[in-house]
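Here's a structure for you.
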Amino acid sequence: MNLKRFIFNKRSLIYLVVLIFLLIIPFILSPFNLILFESAITFAIVGLGFNLLLRYTGLLSFGHGAYFAAGAYAVAMVGRYVPSIYSIEFLIPIAIIASLVLSAIFGFICVRHTKIFFAILTLALSMLLFALLFKFYSVTGGSDGLYIPTPSIFGVTFKRRPEFLSGPYYYFLLVIFIICYMVMKVIVSSPFGKALQAIRDNETRAELIGIRVKRYRFYAFIISGTFAGIGGSLWTFVNGHVTPDVSHWFFSGEIVYMTLLGGFFIFEGPIIGAFVFTFLKLYAMGFTEYWMGIIGVTLILLVLLLPTGLAGGVVTIFNKLKTRKVLGGT
Amino acid sequence: MLLRIENLDFFVDSTQILRSVSLDVNDGEVVCLVGRNGAGKSSIIKSIIGLYSARSGKMTFKDKDITKLSSRERVLLGLGYSPEDSRVFTDLTVEENINLSTWVNSKVDGDDSFSLEKIIDIFPEVKKFLNRKGLYLSGGEKKMVSITRALALNPSLLLLDESFEGLAPIVVNRFRDAFNGIREMGITIFMAESNVRIASKVADRSYIVERGEIIFEGPPKDILQSEEFLKIVGG
Amino acid sequence: MEKTRRDFIKIAGGAAIGAGTLLSGCREEEEKVVEKRGEIPKEPVKIAAVSFLTGVAAAPFGIPGNNTFEMLSEKINADGGIMGRKIELLSKDEAGGVDAQVKLARKLILDDKVDVILGYISSADCKAVLPLSDELGDLIVAYDCGTQELMEGSHSPFPVPKYELGFRTAATLGLDNIGLALMIKKYFPDIKRIAGINPDYAWGRDSWSIFEESMKKLMPQVEVVGTWWPPLFTTDYTAHISALIGAAPDIVHTAFWGGDAVTFTKQALGLGLFDKMTVAYSRGEPIPQEIGKDFPENQIIGCAGPHYFLYPPQDKWPLNKQFVDEYQKKYGKYPTYPCYHAYQAIYSYKAAVEKAGSLTGGWPTVDEVADAMTGLAIQTPSGNITIRADHNAIEDGLFGFTKLTSKYPFPILDPERIEVFPTFVVNPPVGIRTVDWINSW
Amino acid sequence: MLTVENLNKSFGNLRAIDGVGFSISENEIVSLIGSNGAGKTTLVNLLSGYIRPDSGKIHFLEEDITSASPYMRIKLGIGRSFQLVQLFEESKVLDNVRTPLFSKNGKIKSLFIPSDKYVDIKKNTLEILKVFNLSHKEDILAKELSEGDKKVLDIAMAYALRTKLLLLDEPTSGVATQDKFKVMDTIVYAIRNEKISALIIEHDMDIVAKYSDRVIVMHEGKIMVEGEPDVVMSHKDVREHILGLSENVTEN
Amino acid sequence: MEWFIYILNGLYYASTIFLISLGLNIILGVMGILNLAHGSLYAIGAFTAAWLITSLAGWNSPDVLSFIILLGGAILAGFVGLLLERTLISPLYNRALEYQLLITFGALLLFEDLIKIVWGGEAYYASKPFDILGKVDLSGNIYPIYFLLVIVIAIVVKLLTWLFLARTRVGIMLRAMSLDIEMATALGLQINRLRTWAFVLGAALAGLAGALVAPTTPVLLGFGMEPLILAFVVVVIGGLGSLKGAFIGSLIVGEIRSFGIVIFPEIELAILYLIAAIILVIKPEGLFGRIKS
């Protein structure tokens, strides 16, 4: 693609606007909202990975919290037991390895099944991890969870978390997020991604054209879990604390919710969902003590009225407008 | 006229299965749909009982428009259905299988002419395994139970899908007698059959279904005499 | 100090040139930062009170604690407030788990801009929230939670204070469990077997480990015949109780509280546990009131310090009589130890602000309040407390045995067998971890 | 090209395939006909490796593939289509054909390169679509195609694997009567054009007569007759048992 | 004779879990829906019973009334189940799995807050039925009669459910439906009404379980979360959609927990998940699973 076409491409323009918006976020958001925004970015990364399974492989995981927890606890454990390497450039690779190993183990079991069995199996395994994190108090801190100190980034240390979160970490997060976004975007459009979609559409046929269905599901599972792990590790630095709750099925349910809220038929849907959900939840919490009810009602309405999610809804409206315009013109 | 179908179109997703199907069934007739496997016979029958809903077209039964009615409403109006692979509830006893029907029809029908005894007499063999579970029946036994179950709905029109499929020759004759018994009860039969020879022995009138379309209407022996039709419906 | 602490807020606030909708509150904050000494703002002082308002810990701790915060805020406001500023109390629910509390605390400080958070019953919440004080630059005062780890380092001696802006105005669970061991040594010198049943989280784990260490030192002949760790909010303890009966200890240690204590006690009554052994409740003071006269007699009860509505005797210590009377009048119940803890928290803050403010003449900064709070000693309905250099208060330890009397519809502490262990007997010295201190006996 | 020798397969007491032997040469279209239960589908399943024979041999391109896995057979060049089309319904037509090509070329393990960067494969895909008369439909979803196009696409997918022998199970079932020749014209054009062989199971005698080089007739697990369409169709046994054209047929 | 008490403890625990998982499995078997809001129905049963008992405490009502009240929990939970099925679940029968799961998840969130609105955030203590029954001496071991009553009730409910499904019209229709829903439709069974029946029955069983547990422990927000997870474990072990599976699965869970607490007190919770995971790996449809993978 030549430069001129790239610049005047409508899509590039949208990307540019979004990028500029993301770059100035720390200057326009209040500190509290910035922290929320940062945790939304981490959930968006999880959502990207989650949707590789749901949208592109056709598998509904109800236990994605487990891989999130793997990433988060990897950070926490290093902080607790090997503080000498507690800097972000070590922590993230360690988190990736931890979530990769865990999703490989769980994935090996889960990919042999589909549909509700897959959902229940992933749920059960994440609860197993929850029980272990909960039970091994002396190692994991049990239900108290573990404190996450502020890490150093490439040798730069920060005395207080706000200094860390207000600027440097936000941009660091943004870079990781953009990398994750691009990597996932490439993955779903790569031959590998096409193979996954083939499996989703027709397992028998996929097998017939020479795709090893279980093996590719397994690969997708690992990639998806690793993205969750990356999201989990990045989230801990924002949150400052991690508890076994992130491996509870309830948290996994929230990941599913975010993805559907944004609209899982669209690549960017889970990202939108992550942001909307994070702010919705917090503002519902601030607005009323009955925030769970608000989230629940939103979810019910979403399923009943807007099954394609927010992004899907926007696209539908947009398409309708477009057709109307075309009709109007003739 | 008992049943009339006009210009029925049926789709699965974007794939058209039935193409403007029109047919009639008169009171007291035995009408047979003939055609190869996959020609669309089962789809027509399932559309009549309401398991498939037509995209367009009209169905009237006993002069009522049933196109939009639920299966239950159709059953209560007098339709009974025995599907291709019998589909006897495997975990229920034969008696329970048949009782299900009587519970459905008793709700509207205080009709004294209805007698379960008489219905079971169509296939008296059924009495021998009333307490057996569906799982432990042979193929022929399943067919008998399935037809008895449909009859227990006290229907005016019985829809039979491939009732003779896989039956041993001797049993085929047994079933033919049963059909006569059903006729004598005043029940109209609309059946699907891929074997045209069998169709010709039981049916008054037939339709050939090919590629989702009705391409012929007339007595089954006409089919047997036409090389063209025989090529289409197979041996 | 001040500069770095407020840096984040300044960066965010100062950079917000022309920013739109989400700016809420940043400007206000900026004004506060440049406040001049000697002035006392007119707007009320915002105090967030975080206690369990829902859930199983609400009735025994959260509601009494929050009631006390409300009652005392009104009282302070009626008497002219803190340095003339009225208190605006924001009562918040501690329910929802550790993560929810971290988020809430962050919101209270960054979004609601409270002057201080007084709160936290759960040890887990304390551990998770106190670090936020220094991170976000606001005062957080833990008022009730007991974990000794909160202010202790990983080895002795540890540097103090651990948090510059984090405090606790009550003693640790070290007091409860060392005191229990001392009680057992005094009243059951010949026992051979003990067991523990504790909720499976920091509170239960820490309580048991302190108790076990103390027993090893005080009564080395005693054998631990089993420990059980049911999860919090277990509804069926029958299996644990049967296992306990099977293990046949002389005394069972438990740090159960609230609903868990009630469920356990009721089911243990049903299975006849109390016929075979004595149970030592490390912070059992509210439990007899909750269960009523069914609560078994002759069980050992700790009071989380010297907090009891009948001690110090009301005729000898009028502050206790006044507090009990006011509370009873307003809420129809006797105050329990969380009420006393709430008293300590809000009056410590008031005293610290006034102490710091009297020096400068204006409303003190957060750091000045923190400085004033360190080393503060005040009188409370339970006697005296001192907040030490490690930002943790120390108190005496009160223990007793349950006994039914005709005067109250629940067993009270048998006045004949009340034990008060002096402060220095049940609290380690500053900078020494509780466990290390016990091991040094 | 394909040689089958004395193949046997029983299910319980039923001898589904009973001593079947035949061969298919290069660039040959062979139709397989027979009444229901004659063993046609069993035979196709044996050829594509879904079931194993009790005895007998299958050779393909000089190799003994009697016990090769379905996957191996695909690699060797035996493709198959189904009576009910098996498409990637939610994917674009383009990807329906491109994914098999990626698979064939060992590219599906490629994670970090967008599919569109494989220009050759895309070009190849578009060529295949053109051969199968699906040009200009590459960007619509497979589920939105007409039944006839779906059939064609199904075969295009099998073809994309560089198949040398196609096993087609009722390529026109479900296609409307007026479209059946159009569909077959497209398929057979592609087969002839690419010089591959095909074994077609078909009920429709019009199609059998029009497109086959040779017809194999199966009856009760055995091969009854084989030969050129005209010869076979006029064979007495075939007329009697398969086409049911004789009057004095005894019941079963 | 201690083991005898351990078995009884296991039975008691199994009894409540059985009632919940039985309801969950009926819904799963007949409707194919995994009801995440099942724990909330359990909580509603518990709150109803606890609230009625504490409300009546001041009235000096006859003792037997407090036992009858326990049924109130089942009835209200059944009624809430009816509303839930009619309004939210029935539109989703033809939708994908993720929507069915999410709508029950949404219902769960909503119920948690509705419970908070109706009954407030405080815990309810309603131990009257537990207290008045007292204890019994079983060969030297004291045991609360109430727990024995719960075990008996669970056995009775099992028998009644079995009779209901084996002998009654609705029961047989429900079984037919869970075996082959299309055929059941074609026979004219009232599928929608039967689905409602199944859901109400499942909900009422959950409510009954909650009501039975209420007198033994304070009833508070979030009451249904833990039992829901345990019911999942039972369903996974016993088999998806199988009534026998719910029964055997509950016994396994109850007894493993009871003996686990005695023998390996350190890992009482994890051991259940571990067993569930192992069974899932070996036999993913569970020991008596009917829904096939």
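Letters A, B, C, D and E mark the chains in the order given here, with residues in each chain numbered from 1 onward.
The rule we apply is simple: a residue touches a chain if its C-beta (ideal position, glycine included) is under 8 Å from a C-beta of that chain, and two chains touch if they have at least 3 such contacts.
All values reported here derive from a predicted model rather than from experimental measurement.
Engineer: Among all the other chains, which ones are in touch with both chain C and chain E?
Structural biologist: Of all the chains present, those in contact with both chain C and chain E are A.
Engineer: Quick one: how many steps at least from chain A to chain B, stepping chain to touching chain?
Structural biologist: Minimal hop count between chain A and chain B: 2.
Engineer: Moving only to chains each one touches, count the minimum steps from chain D until you reach chain E.
Structural biologist: Graph distance in the chain contact network comes out at 2.
Engineer: Computing the C-alpha centre of each chain, which chain sits at the greatest distance from chain D?
Structural biologist: So the farthest one, by centre of C-alpha atoms, is C.
Engineer: Looking at A-E and B-E, which one has the bigger number of contacting C-beta pairs?
Structural biologist: Of A-E and B-E, more C-beta pairs in contact link A-E.
Engineer: Taking each chain's centre as the mean of its CA atoms, which one is most distant from chain B?
Structural biologist: C
Engineer: Could you put a whole-Å number on the gap between the CA centroids of chain C and chain D?
Structural biologist: 78
Engineer: Could you put a whole-Å number on the gap between the CA centroids of chain A and chain D?
Structural biologist: Centre separation, chain A to chain D: 44 Å.
Engineer: Please work out the Cα centroid separation of chain A and chain C, and write it as a whole number of Å.
Structural biologist: Taking the average C-alpha coordinate of chain A and of chain C, the gap between them is 38 Å.
Engineer: Provide the C-alpha centroid distance between chain B and chain D, rounded to the nearest whole angstrom.
Structural biologist: 34
Engineer: Please set out, as single numbers or ranges, the residues of chain A touching at least two other chains.
Structural biologist: Where chain A meets two or more other chains at a single residue, that happens at 134-135, 289.
Engineer: For chain E, which residues are shared contacts with two or more other chains?
Structural biologist: In chain E, 116, 266, 269 touch at least two other chains.
Engineer: Multi-chain contacts only, two chains or more: what residues does chain B have there?
Structural biologist: none
Engineer: Can you name every pair of chains that touch?
Structural biologist: Here the touching pairs of chains are A-C, A-D, A-E, B-D, B-E, C-E.
Engineer: Would you mind writing out the residues of chain D in touch with chain B in their complex?
Structural biologist: Answer in residue numbers: 35-36, 83, 89, 143-147, 150, 170, 173-177, 180, 203-206, 241-245, 247, 249, 251-252.
Engineer: Please output the residues of chain C touching chain A within their complex, sorted ascending.
Structural biologist: Listed in rising order, the residues of chain C that touch chain A are 4-5, 7-9, 11-12, 15-17, 19-20, 22-26, 93, 97-100, 102-104, 106-107, 110-111, 123-124, 127-128, 131-132, 134-137, 200-202, 205, 231-232.
Engineer: Help me check something: in the complex, which residues belonging to chain A touch chain E?
Structural biologist: 54, 60, 62, 109, 112-117, 119-121, 123-125, 127-128, 131-132, 134-135, 249-250, 253, 256-257, 260, 289-293, 295-300, 302-304, 307
Engineer: Enumerate the contact residues on chain D facing chain A in the complex.
Structural biologist: So the residues of chain D in touch with chain A come to 70-71, 74-75, 80, 86-91, 95, 98-100, 102-104, 107-116, 118, 142, 157-158, 160-161.
Engineer: Name, in rising order, each residue of chain A that touches chain C in their complex.
Structural biologist: 26-35, 134-135, 137-138, 141-145, 147, 150, 159-163, 165-167, 239-241, 243, 245-246, 282, 285-286, 289
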